[in-house]
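Multiple structures are listed underneath, in structure tokens.
Common to both upcoming complexes is subunit A, partnered first by subunit B, then by subunit C.
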Partner chain A sequence: MKIAVLIKYCPDSEAAINVVSGKLDTSSAKFSVSPYDEYACEEALKIIESQGSGEAVVFNVGPEKNGKGLRDELARGADRAVHIVTEKEITCPEFTSRLLAAALKQENPDLILCGWKGIDYDLGITGTKVAEKLGIPHVMVVSKLTIADGKAICTRQVDSGDEIIEVPLPAVIGAQKGLNEPRYPSLKGIMKAKKKPASQITPAQLGVEEPTGKAMYTGFTFPPSKSAGKKFEGPESVVEVVRLLREEAKVI
Partner chain B sequence: MDISCDNRMVREMARDFARNEIAPIAAQMDEQGHLDPGLIPKMAELGFWGIPWPEEYSGAGMDVMSYIIAVEEISRVCGSTGITLAAHTSLGTYPIAAFGTEEQKKKFLPPLCSGEYLGAMGLTEPGAGSDAGGTKTVAIRNGSDWILNGTKTFITNSEYAGSFVIAASTDPPAKTHGITAFIHERDIPGFRVGKHENKLGLRGSSTTELIYEDCRIPDSQRLGEVNKGFKVFMKTLDGGRISIGALALGIAQGAFNEALKYSQEREQFDQPICNFQGVQWMLAESATKLEAARHMVYHAARLYSRGESYHREAAMAKLFAAVAGREVCNDALQIHGGYGYIKEFPVERMYRDIKLCEIGEGTNEIHKMVIARSLIKDGYPRHDFE
Partner chain C sequence: MAKDILVIAEHRGGNLKKVTIEAIGAAKKLAVDLGGEVHVAVLGSGIQPTAKEISSYGVPVFVFDDSKLENYSYETYSQALVPFIENRGYKLFIMGATPTGRDLSATLSSRLKAPVATEVTGLKSENGTIVTTRPIFAGKVISTFAMDSDRAIVTIRPNTFELSEKADGGSVETVPATIGDLKAIVKEVVQKSAGRIELTEADIVVSGGRGIREQGNYKMIEDLAEAIGAAAGASRAIVDAGWVDHSNQVGQTGKTVSPKLYIAVGISGAIQHLAGMSTSKVIVAINTNPDAPIFKIADYGIVADALQTVPLMIEEFKKLS
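Showing the complex of A and B:
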């Protein structure tokens, strides 16, 4: 089974992000593969291990430096990388998904795994758009996945219980936390990653142009800083808490 | 700092692993006085026990810098695990990789590199510490075997070790010119692991005596030539010093991280204590010491990787990182005030752990001796005299 994994290379969840005159400044941030995409890659490796054979191909769209993210996944165990190299970071999911869909068409994977959203812009749309462009089904926010008889059986946790959804393959599945516990890249894996095939293609080679008339980010601001919280202890403070909730916070 | 892509990946992996798998159990391992039994196999799965050795012996085939970075990262959260890795690699495995015959390498390196068992090295004796040439353990030739009698002390990793590289005198009057190195397995008649030391720090690591009573070791497990063993141990310690430098650097960086965070959270006089110049100066000096120590340790590792002489630089790096690291840990505890003295805060443990770096694999004084001898012989800096 050939499994494609779509990975995004984002500022680390602990990275400090600055806003400079309405623009994001990530120049001092450490980048890493978005955690949801790590679940996706781990799931691909587990499926291949349980089936005894297969190929996991990791895909990324973005500037040269994103190659590091692809190499991290090769070190974890992915077999091959395809890097669609752009000059700058692409923040338009329509463009990203057109590029990915074009590259995926050339590869014809049996299954496409991705994170259900990136931890940077929190859009949660690229996987869905890729499925639409390829004309195949998709299930997002999946926390359990079983592959059998050309089908994917997906579990989605909802407030009141679990939804079980079955789709025929190929399909795009978006990983949610809880799907698995991603492995660490082993030291031998890090050495092997260097020798694994990694190809680079440009948007022009894929024949994809930047869409026009798309939504664009026009500015970023930080939320207003919160004032320090108040601490109440002991049953005797209940009356005071209720009074403050009513009079100060005006929530009851 | 200028490190390769592999080095960066090792750092990230080791940091994640240390944070998720070791940090949560570090205080407990210190308290109980031994490593968590699951930790050695977990580290084995990822290849930690064979980082710089060739793949043909089940190593990861990486450079020494990757190994040094792994020791540093692990030591940031747990010095006990850090010294276990450092002693296993630099003391227990290196002499076999560097001086072993092909047969010895094939026999011992794969289980060492894959973490099937750990390695230990026994040089120190109750009466022979700084003066390691004063080894009293004797080996007497008996047919194709050697019969050993004596006691080694303070030997790291003994509890987990499956192989031991040890020094014995084969010609006592010749002192350092009468020492021979041997390798032996754990379960052999006449050998036993003695009492576990109750230590100030690095309490999770294993430190014991080794006792030899008419213990028979075949000549095929002699490491290097007869009476040429002292060199084996001196060369082993040269490399070991880089790893103790990395241990000191890691422990001190871990303590500093705690202090920097604490100083921003702790409020006294209605403000975070990092606002006070007295605290700021401790932070600034500590970070500067760490920066210098890191440059020196990495420099020695690079010289090693490039196949250049690293004898003096390794000694300087270890001495500086140990002294500066102990000072950094002291300031980190000071910044925590009374809380730094309490076991709930990891700086308390780090302050105890780092002291060993000024003693193990040669005390500060012995390092100054080593450095001074090399200055007198080769001049300083090296290139001025070439």
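Showing the complex of A and C:
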């Protein structure tokens, strides 16, 4: 079974993000693979291990530096990487998904795993768009996955509980936390990753053009900083705090 | 140019989600600027009463009532909605930023060729351009995302927009839905939190972290939640420890909540936790460490042992009712 894994390379969740005159500056941030995509990659490895054979191919759209993120997943155990190299980070999910869909068409995977959302722009759009472009079904927010008889049986987490959804393969499945525990790359894995095949393609080679729509980020600011609140000491201060919640903050 | 707004309602078994009423409220405000009307679409099976309820907000409601629409599925919903939308023309689509709303918005974005803004906390129109405010990078940055297009889609963060007022003049119209073959089949729906208040919609959220010391003490958090009619949440530390289910987790890899009041018990306030609750209106923190980062964003901080403090708080809350 050939499994494609879509990975996003994002500023680490603890990274400081700067805003300089209304523009984002992530130059000092440490980058890492978005956590949900790590679940996606781990799941691909587990499926291949349980089936005894298969290939996990990791895909990324982004600038040259993102090659490092692909290498990280090769070190974890993925077999091959496809890097669609762009000049800068693309923040338009329509463009990203066009590129991914074009590259995926050349590969014809049996299953596509992605994160249900990236932790950078909090979108959760790209996986679904890829599926729509390929004309295949998708299930997002999946916390349990079983592959059998050309089908995927997914547990999808929704607000009030779980839905059990069955889809024929190929399909795009978006990983949620709880799907598995991603392994750490071993030293041997890191050494092996250096020799694994990693190809680079450009949007032009894929014949994909940037969408012309006028939807864009027009500004960035820091959230309003909160002024220091009131601090109390000792358990008995709850009496006062509860009074303030009622009389001052008026929230109860 | 189309000017009308379509709100897509969300419900579970006919019970309307609060975020739908917030979406109607947000849409009504925006409709004034756009010079258009607000319509609502509701899909499901046997949901005429829900449609009637929505119409009490003074809006025309289009109801798609079909046994095939009983459970949400992006396929059935978009098969029903897309032809309807193409026939009528709408400028803007608003739904809740719930797992369902996000899923549908992504599908509609592809099928209607419209850009989408997710997890929106601010919404306005500038000369027909839809201008949204969205927290990004775990809430560390607030972005402005503008959509200058014929159509646009927005999912709003629950609990951030005011509920719509009730009004006269609503109506209900049934729209026939043609649903063809489906690829994804919903086999089963497992209700986990039946009767419980959903975290993302709760007015008050009480969350416990590693500072509660042991699994058995989570009961204390649930009791506190019950005493004030709140939903119970958790930090990732105690979810990973297996003390509570992941569906309770608040934060970057959990749920985003925006209640009136958030009470953090024994939670240090890591950036990933703050990502899920920093837009709460009032924050109370109980923590033994006076330097815990959570106190930097707490409106009321209590430096004390959770195990001693929470029972007293329960008593105080009980006195209120």
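Note that the second predicted complex is superposed on the first by the 235 of 252 C-alpha atoms of A that agree within 3 Å, B and C clash if a C-alpha of one lies under 4 Å from a C-alpha of the other, contacts with A are read in each partner's own complex, and residues count from 1 in each chain.
Definition applied: a residue touches a chain if its C-beta (ideal position, glycine included) is under 8 Å from a C-beta of that chain, and two chains touch if they have at least 3 such contacts.
As the structure is a prediction and not an experimental result, all values here were calculated from the model.
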item	value
Contacts of A:S186 with subunit B and subunit C, given as first, second, both or neither	first
Which superposed partner A:Y121 touches (first subunit B, second subunit C, both, neither)	second
First, second, both or neither for A:K68, with subunit B first and subunit C second	first
Contacts of A:K230 with subunit B and subunit C, given as first, second, both or neither	second
Partner, of subunit C and subunit B, that touches more residues belonging to subunit A	C
Touching partner for A:V20 - first (subunit B), second (subunit C), both, neither	neither
Subunit B versus subunit C as contact partner of A:A204, first or second or both or neither	neither
First (subunit B), second (subunit C), both or neither touched by A:E166	second
Subunit B and subunit C footprints on subunit A, overlapping residues	none
Contact footprint of subunit A on subunit C as seen in their complex	12, 71-75, 98-100, 102-103, 105-107, 109-111, 115-116, 118-119, 131, 134-149, 152, 183-194, 198-200, 204, 228, 246-247, 249, 252-254, 260-261, 271-272, 275, 278, 281-284, 290, 295-305, 308-309, 312-313, 316-317, 320
Residues on subunit A engaged by subunit B in the complex (per definition of touch)	32, 68, 71-72, 75, 184-191, 193-194
Footprint of subunit C on subunit A - complex, ascending	11, 13-17, 19, 24, 35-36, 93-94, 117, 119-125, 127-129, 132-133, 136-141, 143, 153, 156-168, 171, 177-178, 213-223, 226, 228-239, 241-242, 244-246, 249, 251-252
For the subunit B and subunit A complex, residues of the former touching the latter	5-6, 8-10, 12-13, 16-17, 45-48, 50-51, 55, 60-62, 66
